[in-house]
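Presented sequentially are two complexes of subunit A, the first with subunit B as partner and the second with subunit C.
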Partner chain A sequence: MSVASMSMWCRASCRASSLSLLVGGSTGPLLGGIHNNALVRTLSSSSASAAATPAAAAAVAPEEPPPVEVFVNGESVQVPKGVSVMQACDAAGVDVPRFCYHQRLSIAGNCRMCLVEVTKSPKPVASCAMPIMPGMQIHTETPLVKKAREGVMEFLLANHPLDCPICDQGGECDLQDMSMAYGSDRGRFVEEKRAVEDKNLGPLVKTVMTRCIHCTRCVRFATEVAGVHDLGVTGRGGSAEIGTYLEKALTSEMSGNVIDLCPVGALTSKPYAFTARSWELRPTESVDATDGIGASIRVDARGHEVMRIVPRLNESVNEEWIGDRGRFSYDGLRRQRLDAPYVRGEKGAPLRKATWKDALEAAAHGLRSTPSTKLMAVAGKLADAESICALKDLMAMYDGQNLQVEGVTPSSDAADVRSSYVFNSTLERIEEADAILLVGTDLRKEAPLLNSRLRRSAVYDCVPVASVGPDVDLTYPKKDLGDSAKAIDDLLSGASAFRAVLDGASKPAIIVGAHVLSRPDAYGVLSKCVQLANDVGCVSGDWNGYNVLHECAGRVAALDLGFVPGPKADVATAPGFVYLMNADDEATLASIPEDAFVVYQGHHGDAGAARANVVLPGAAYTEKGATYVNTEGRVQRTKRAVPPPGSAREDWEVVRALSEVAGLALPYDDVDGLRVRMAEVSPTFASVDSVQQSTIWLNGSTYAASKGSSKASTAPFTSSISNYFQADVIGRSSKTMARCVETRGEMYAKTHDVGSTLGELGEPSAHPLGD
Partner chain B sequence: MASRTLPLFSCVAHNTFRSHMRLFGSGGGNGLSAVSGAVSGGVVGVVGAAGAVGSSHLLLDRGLAVRPFTSGKKSASASSTFVQSTSFASLPLSRSTSSRDHVASFSTNSHDHSNLHQPDQPDNSPDVHWDFTEANYDKVAEIVARYPSNYKAAAVIPLLDIAQQQNDGWLSVSAMNRVAAILGMADMRVYEVATFYTMFNRSKVGKYHLMVCGTTPCMLRGSRDVYAEISNHLGGVEFGDSTPDGLFTLSEMECMGCCVNAPMIAVADYTNGTEGYTYNYYEDLQPGDAVRIIDSIKDKGISSVKIGSQTRGTCEPKDMQTSLTSTPPGPFCRPLIKKEAEQKA
Partner chain C sequence: MASKLALNAAVSELRFVLCQSSPSSAGTREFVSKSYEAIKKANPRLPVLIREAAGAEPSLFVRTAPQGVEKRLSLANLNAADVKKALESLAK
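This part shows the complex of A and B:
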């Protein structure tokens, strides 16, 4: 807790005011007295990232703020100036109970659980909201503190129902835990408890509002992090309640996080309700593969079933949030699964269940009997790096050079320079950007977690954001420059006013959406973007603000492994044999001629399997230890939480088996051998969980040699995702996601119109609450 | 609300609720801090939430709380879509008016029945068009101009007040949405303010809103008799109810700051929109005064009644002055004009 809270503090202070000193790279020495090593680590890492540009560091941190010495239970602690008493206690390793305080949210100070005694203060003070003073003597273990906290706990429990045995929060409930320390074994409250009407917040969040202790974490999360002003406190005093006033579902793509934030059982997961108790679950620390962010997750399973997915703390990727698709689409892992191989006897015949032997032989026959010029393989959005590498090697054995990545216009240019297809600035450092241009992306749908970071920049740091692309509500103010390549031309020529903003920025960033990669004129648009990045100085020193945002987990790995058409490939040739690795996109399938022999490998019976002649069942991301590379190029590994269903196998094993059946066995027998091979192909795979900085930047000439590079059509830019909840086969198979789509449809139809007389009174600011 | 769970609080006896609210000292003033929270904090209602933890406990009637929820009837009236309980006769209500079969309220004022918007009200849905009149837009612009443009939200309370006056004494959802749009606030932030303050009505009221002060000094000086008198005179309406002719709504208010002239009632006049709006206090009520006031309002309009104390000029002692009988001995105010001249020099 302390680590996170400290790092958040750094952010909060630097955003709030002149206290930005602390992030400037000079916090190291003042931490000498802090006992908590983790804290030192966090602070120095944040300082390292900020200090990496010497000029910027010098500008931000002209001098060191002196550390402040306070005493927690008599022990001296050196803490940065301006932190709260609670953070000083955290730094000293002293635990302070809390409900309303959360390190990533504003301070509310309304639960009063964190009361501590401060010498010379006549009353106990709420440590979360009290700033430290030099020489402050803080006591957390005195009888006064204990009695005060017991009093608070008694009031909290007065109206809290005694339904822990049927509460989904039971076993992982802050109130339950703290009542063990501060609760009484009996209450003095003999009157009737109050009861509050439950709210319908949509298909994801279940409410039992009588349990609510009004910490307002959910309200603050929705307002500050998610950027949707849906939740609030209505009424006051004994009749205060949390809700939306008008009944409506939460409109955020990261609404599920309020479930984790709720310290009691008032907000729980609707799909998970009453399905398991927390202590029955087998946790597996893994990585989310449902989008390009690659959030750190914990997969909680019971037996062979994934019961829920929750986020893990990972400051550099997802902080502690995950999107709703990553959290709730797990029920799609149980439906529509391919649990056995299938073979289609002849054209038009239905797929029939087959043995692995028959299926592999059928696939091998198709592979062997097709001339190499007509071989084609497609790496889909959910494909893992191991299977892509194995498939690439397999295709190489048969000299099949037509390798394509789903969602990328086939061209060898796609994977030439790593810095041209990854999110170079990294997700964490995008917050350093001081001007941001979005090209062809709807961040809210493609990467809600990144959108929340950008919201923080745009709203709290007033970073100007402009968008060339769909006109959508990103929850923060942004300037719409148009939706076609002409807007980029205007930026290049200086005709657009935003060009001056980008020019004036010291760390400008351009975020190119995956939609651009899939356009027929992809390389024309991309070369313009790269040119613009170069012209406005997106790349200087250690800052590379040219970012490509991928909306799926499989693409960066495929590009890293060079899964692009080879030099002899002619993508115009109609393929006779197509190997679809987790590829289900309409566009992909539409490009396959009718008489082609299609092998589909994947885990869901979706569009790809329906088209296939041979279906080879693979494992979903929760069922294999596989490598995924997120949009910033971070190599991450999932772990097997549950086994694949039926006779499905891990994907690379399927390719390996096929290679053997086909007659030319791949030269690795285990996953370690394969990973060595991956590291040979691309060194980035050698180090897991880190981002290998792409050093090569061709000064804007990345696509100079590309065919038709100067041409860009006038087709409007859209988002690569039109339906957030059903963007992949897992989401499409999920009932929960289907319910979300249903709710959202109604919701969007209901948004009311803002009248026309606004002009007289001036435009309303988008964020009136000072945020 | 598609999946509304059974609201236990629909059995809350209204009177019990009010009396306990008073007992625990909640529901009173404390306006200023809340306003600042509402306007600047982004987390409106924190003050209220803190109060919920520490200050008051709403009491469900013991007998009712365990009664299984049986009735599926929903009142179609605009004032309440809550389920009407079949029998409240056995309720041990603290007042003589225990015949009340109205179900109760979980909201802060005694007129509205919930802190939540009740669905299925044709005239109170976000789809209804609502806007300020031209004349009121002048006022709105004048009020908004008082605040810096990035703190426009500070005008939310005065704007809601104007909206309520214009809208016959109550705030519809679309009126609140309109205020939100004008001030560039999120709708929810406006709902929070409107539900927090007892003087904002979120369901229809009569043309005259009679508010009986029920806080301790008034209660000691006979506010319950005033209530009983009015209630009987208006044909048995209770707190939160309106007369069938739509002329009067009776509500209970917390302290309105006239303790020295207790007991008192306040009457809001919504007969003539914003222009004719008045909000008058009638203090030092003797038996019969309340009825007389109501009758003269009925007959001749509100202007025919003496405003303020019914027995005194203002709030001087009843019989004779016992203090401040001589010229105050000083020290007197600083001679500010002289001071200012000194500073200038």
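This part shows the complex of A and C:
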């Protein structure tokens, strides 16, 4: 077992102790006292101001104690001091059944399925909650253990309904699987089974609470990882129930993860309910393209349809969680799709279905007949690297230099130095930061997975977090420094108290939200941020704490490929021909003049297609093997899980075909050739699944050319995402996402009716919902 | 110095490719770190892309309008002064 996962475990146990006090549940009694220091820190952190000195966190940096030898079924294994018996068994490769234990959650020790025998203990012990002792003899295969586990299973099944044939968890249910090993072939109970009323947790999570075995994984996830105190246990013993107490939907942006965590069919996916059985699905390992994090996902498809999306394990990106948009917006992949090319006859006429030949000819004519100074291309939020590269090369052949990335104020400086636009510290190492400043971002909407990492730092390691930007509830304490560039000036001048915290930190980090990039004064603000990063020592040795958080999957690739205006591009000239590659933003469309000839390439009939003169249908991220670069600069590749609908094609092929019809063919005719070209443009594309660190950090000269022309204004910072669920065309086409927005809206209205009493109770105000 | 780095007006993109650590990239690294600002000053609207990847051969790419033709020059083992010369030979 790796050292990393052990330290993870120590954190978990520290959370265990805090849980025992906070909810008074039955917790690991033996481990409760081990991390008293951690407990005190944890509890004080919630009341202390966010500006606690980072020295406190640094002072208790653990030293590695020597490993301890224990024996599992007679085999010797070396494990770090203080781990649990279950961890030792895992390290020895011995499987111990479990329901309540989860390596990323605190220890509850309440299902008793993990019983093992240890020498000198008269009774079997719950291995997840029992720390090892040097020389301990652990036995997992004895008749006593088997009998004890069978007893536990019998009690669990006593009240569990026998509805596996109609249960969505069937086929992937821990309880079902373990009953094969430990279940009895007949029941001894004649009493009536207990029944529990189902709870309404909103449009995403379906409940059948009679199936619940009270492992409390869902409660611990909500409280510890998601940071929302929505779920809890009410009642005791036979009348214990999991629920929200007052009926309300889960308010987390990562609530769907409780579905994966629930070991039985009590919590299942509402949109997926009764649509497929797990064994009918064809899994494809892919990458999420609905946000800038690029979580590893598995796309489960049946026939030509995506049936569901679930996370895959990837420690350096998403651990094992994904956000609700990535998980549930897949039904948007079936609606509003562009399945054929369209051409608009003349101005004002409606779009009409056309053949590929006609559509490409119309687009090629527009491209050829426009003078090069009036050509413009926009790389949108969902565009993949292959098509961006092909489009850039195509525009270069026609000397179209006005290239823009959606959501970035056009500037020839924007893509110069890679360290100026990626999340340099990487997602994994941001947890090493000991002071964090957020600029112009609402992490909860832009990157819920990153937010949960920051929550871990802020709550369990007491890392001070401050924010210049929207005043929102991030689920952990943070200091609000204001919402305009003035607050950054105060930090620069030292007038702000948080400056001392950043100065005192050994690994300070600044996270700049994508909103900043889209402001007219972007480069003024960015140069201030870079200046601050230099002043507080964000960049030293192998630590670069200057981070730009992108909220969409397409942007870093576009910047890596240098999709920026060239020297002859006059951004002010009204373009006569515009190529929109997956670009649907209002701001983009508003900048296009009435009489421009617009070609839209993309997969959904949304705003971009509505404005277009020619529509070229492309493939969505589940339908192509395409490259996306996440906010860290990690190059990742999706796989085709289902074919694109109708006559839609993979996006780079469309650009290649257009280049040929227009008369100057691009020099590559297969995807490998194109990828070689991408690696030539930016060698980072040569290594898939890894982050190429950008070590060149040009102190302050990064925005040399454009900072003078854009002075920071006093306009308030907001988030780049105002509506989490409908941030992209897929979300906007999804019924499930629409339901989420509706539910959140209703809840918002409700909480605001009773706002006064909640206010007195000091409740945090409701998260600004999908408004 | 700045005036010397003014490049041909037809140049539409400069790209420096280098490795983060290899000695053969050291000169290129030194050149871009020191001269980036000067290049930018002399050619304010020219994208000067600096891209690093482990093991990449240090190279210079110059793209010129109007056909977008790209020329590449290897910068392996060149020192900063030679990199400057290479840039001038390709982009002046």
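The working rule: the second predicted complex is superposed on the first by the 685 of 771 C-alpha atoms of A that agree within 3 Å, B and C clash if a C-alpha of one lies under 4 Å from a C-alpha of the other, contacts with A are read in each partner's own complex, and residues count from 1 in each chain.
In this section, contacts are C-beta pairs under 8 Å (C-beta built on N, C-alpha and C of every residue); 3 or more make two chains touch, one makes a residue touch a chain.
Only a predicted model underlies this, so the values are computations on that prediction, with no experimental measurement involved.
**Q** Between subunit B (first) and subunit C (second), which does A:Cys111 come into contact with in this model arrangement: first, second, both, or neither?
**A** In the superposed model, A:Cys111 contacts subunit B only, not subunit C.
**Q** Taking the superposition as given, does A:Glu551 touch the first partner, subunit B, the second, subunit C, both, or neither?
**A** After superposition on chain A, A:Glu551 lies in contact with neither partner.
**Q** Examine A:Val219 and indicate which partner it touches, taking first as subunit B and second as subunit C; both and neither are also allowed.
**A** Only subunit B is touched by A:Val219; subunit C is not.
**Q** Per the contact definition in the header, classify A:Glu320: touching subunit B only (first), subunit C only (second), both, or neither.
**A** neither
**Q** Taking the superposition on A as described, I'd like to know which of subunit B and subunit C A:Asp384 touches: first, second, both or neither.
**A** neither
**Q** May I ask you to decide whether A:Glu253 touches subunit B, subunit C, both, or neither, giving the answer as first, second, both or neither?
**A** Neither partner.
**Q** Counting residues of subunit A touched by each partner, does subunit B or subunit C come out ahead?
**A** B
**Q** Contacts for A:Asp288 in the overlay, against subunit B (first) and subunit C (second): which applies, first, second, both or neither?
**A** Touch status of A:Asp288: no partner.
**Q** Quick check on the superposed pair: does A:Asn200 touch subunit B, subunit C, both, or neither? Answer first, second, both or neither.
**A** In the superposition, A:Asn200 contacts subunit B only.
**Q** Can you list the residues of subunit A that touch subunit B in one structure and subunit C in the other?
**A** Overlap of subunit B and subunit C footprints on subunit A: empty.
**Q** For the complex, which residues does subunit C have touching subunit A?
**A** 9, 11-13, 15, 17, 20, 29, 32-33, 36-37, 40-41, 43-54, 56, 61, 63, 65-68, 72
**Q** Flag every residue of subunit A that touches subunit C in the complex, lowest number first.
**A** 372, 393, 395-397, 399, 401, 412-413, 415-418, 560, 562, 564-569, 680-684, 686-687, 692-696, 698, 701, 704-705
**Q** Along subunit A, where are the residues that touch subunit B in the complex?
**A** 106, 108-112, 152, 155-156, 158-159, 189, 191-200, 210, 213-216, 219-220, 223-224, 229-241, 243-247, 750, 752, 754-755, 757-758, 760-766, 768-771
**Q** Per the contact definition, I'd like the list of subunit B residues that touch subunit A in the complex.
**A** Those residues of subunit B that touch subunit A are 1-5, 7-9, 21, 24, 26-27, 34, 40-62, 65, 106-108, 114-117, 119, 126-127, 131-132, 137, 140-141, 144, 149-153, 173-174, 177-178, 181-189, 191-192, 195-196.
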